[in-house]
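Take a look at these structures.
You will see two complexes here that share chain A, one where it goes with chain B and one where it goes with chain C.
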Partner chain A sequence: MNIIAITACPTGVAHTFMAKKALENAALKLGHNIKVETQGATGIENEITEEEVKKADILILAVEVGIAKKERFETIKKVNIPIATAIKSAEALIRKTEEKLKDTQK
Partner chain B sequence: MLKKLQQALMTGVSYMLPFIVIAGMTIAVTGMWTQYINPDTVAINTLNGFAWTIMDLIPAIFAAYVAYAIGDKAAIAPGFVGGYIASQPLIEGTAASGFLGAMVAGVIAGYLVAYSKKIKVPEFLESIKKTLFIPVITGWIVYVLMTYPVAMTIGELNEFIINNLITLSEAPQYAFLLGAILSAMCAFDMGGPLNKIAITFVFAVWNDPSGIGFVVNAAVFPGIMVPALSVGIAALIAKSKFSDEEIKMAPPSILSGIVGITEATLPYAFQDPIRVIGSNMIGAAVGGAIMMGYGVSTSGVSGIFGLPMASNIFMFILSIVVGVGISVLLQITLKKRKQPTSSSEEKNDDDLDFEITI
Partner chain C sequence: MSELYEMGVETFVNLNFENSSTEKVNLIKEIAQDLSKKMKVQDLADSIITAVNERERLSTTGFGNGIAIPHGKVNGLKEPYLAFYNFANPIDWEALDDEKVVNAFVILVPDNDSSDIHLRLISTLAYNLMDETYQTKISTIRNEDEMKQLIKEMFKKEGE
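Take a look at the complex of A and B:
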């Protein structure tokens, strides 16, 4: 899968980046491509480009606050989860997402 | 809907935080200068006055970004307008509705804008609608609502809450309880939603002239500092009960505790939630009780930076140290010897539930 993800928490210094790391590690382990954009205390980092949105199969939103530039993602399938889920069980999240995505394509 | 509101409030808190940090730290530093060095430095006093101006703007910033999360960019202006009125009542006889009012302003502005974006107008009016109608009309509606009904009702309520808080904080037999609850809330989810509710409560009374905000502010410090400090110290003391990784993380965790980044506790809490969080909550509650029971106040924010401005430096340190002591002791006694590494990570696979949406 090509995954894009956004992480954002209210303070934007800790959870945001822990979630990014957890998602990246999990995706690597399960053999998926992932790009994680963080919207933390200093704003957008590692911004997802239009090209990447087009290529992606799924967008994972691990956010607890309203995110900036959400108009980029109007057409893509998304998963909304609490940021704690991404930190705690990123692998299970990605595996489940893959399953569900297959179900929807049937 | 509820989730959307919660997300909107968190967005408001998120964008407001840097302002609180600027205002709080400036007041802390200038206050230190006037207290210990020279009370009559004009430049310093001007800066202090300006910090209070920023403080008065905080409800406006908060409301603006609550509105933004609901109604997007166009909602920022009406949200700001409403939030400003919440902190500066415009007509005589009405009270500042403060943070509560700002919350209402943000939500109203957000939904007004979100709704008016959907109103269909002829093509040629579309651009005028965006540049003129939406900001002006929503701004006016928010103005009227905030100036009259909200100022009259929520303004009263806000005043009532603050007066009662002041009474509570002056009566040690209740104050310690409030301190304990606030601190325990912060320690419970280490930077998560409950923590933010406690902090939001602090900011809600933050700019009240009575200074009550600084008292409740001090009361959450044990909740912020105790968890990360205790897990780090406990890991270093009782090495046999923590994993190698936890021991390696201990020094940075202690440092995080000192500067007030509670989130550093999370990896420890995930491993052993009940014992770690339980110990931290008890330690933090005792610390918060001491802090507020003795009426310590501070205008500093985040960890150690609160210390120099504490009204009673000794009690401030004592409450943190006692809180950490209790939590460390509890963790060391309660924690079991570490088991051989098992992959406990994936066991909550089944309660994961979410939908794929477009």
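Take a look at the complex of A and C:
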């Protein structure tokens, strides 16, 4: 899968970046491509481009605050999760997402 | 972010810190007193305690895997500090994974600092602390120079 993800948390610092790393680790381990944009206290970092949205199969939103530049993602399939889920069980999350995607493609 | 050191973040490493308290609030007092002594400036222990507790009240900085990142903006502080502590006695930090905390990275910045250096320090640390290789190194390195080297390395690899 080509995964894009956004992480953001209310205080905007630690959890945002922990979730980013956890998602990257899990995707790498399961053999998927991933790009994680952070919308933290230091602003948008590693911003997802339009081209990347086009190529992506799924958008994972691990956010607990409103996100900026939402209009980029109107057409793509989305999974919404609490940021703690991304940190604690990113692997299970990505596995589940993959299964769901396969089901919808049948 | 290798500019961490160019920006002059003073770094302390305390391995096997003999803490007498294993409860967060009292432990923070111990760290504050220890750091204030090491900083060799006026006594900032009270300001450190206030700043760190204020942040802990928002939500725990015990982010799991036995590691905490207590931090705060300290009144009277002149430059940013990063201190690593390994505790002889594990702390009840109300951590996210309920594990006791044995290692802490303390980040203190001046309260009138308008830069985002503390945010960048915290975000880089939080990111790297999810890395199993770093987790292992942090819990096994018991040599001060090696630990300083590791900290330097972590701040060189921000996000990439």
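Rule of thumb we're sticking to: the second predicted complex is superposed on the first by the 106 of 106 C-alpha atoms of A that agree within 3 Å, B and C clash if a C-alpha of one lies under 4 Å from a C-alpha of the other, contacts with A are read in each partner's own complex, and residues count from 1 in each chain.
Everything that follows uses one rule, which is that contacts are C-beta pairs under 8 Å (C-beta built on N, C-alpha and C of every residue); 3 or more make two chains touch, one makes a residue touch a chain.
Model, not experiment: these values are computed from the prediction.
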Mind working out whether A:Thr49 is in touch with chain B, chain C, both or neither, as first, second, both or neither? neither
Let me test your reading of the model: by the given contact rule, A:Ala84 touches which partner, first (chain B), second (chain C), both or neither? both
So, A:Thr75: does it touch chain B (first), chain C (second), both, or neither? first
Have a look at where A:Ala14 lands relative to chain B and chain C in the superposition and call it first, second, both or neither. both
Should A:Leu93 be classified as contacting the first partner (chain B), the second (chain C), both, or neither? first
More residues of chain A are touched by which chain, chain B or chain C? B
Does the superposition put A:Ala41 against chain B (first), chain C (second), both, or neither? both
Applying the document's definition of touch, where does A:Ala22 land relative to chain B and chain C: first, second, both, or neither? second
For chain A, which residues lie in the overlap of the chain B contacts and the chain C contacts? 11-15, 18, 41, 84, 87-88
In the complex, chain B residues that touch chain A: 7-8, 10-11, 13-14, 17-18, 65, 68-70, 191-193, 196, 261, 263-264, 266, 270, 345-346, 348-349, 352, 354-358
In the complex, chain A residues that touch chain B: 9-15, 18, 41, 58, 63-66, 75-81, 84-85, 87-89, 91-93, 96-97, 100-101, 104
Within their complex, chain A touches chain C through residues 11-18, 20-22, 25, 38, 40-42, 45-46, 84, 87-88
Using the touch definition up top, name the residues of chain C that touch chain A in the complex. 58-59, 61, 63-64, 69, 96-97, 116, 119-120, 122-132, 159
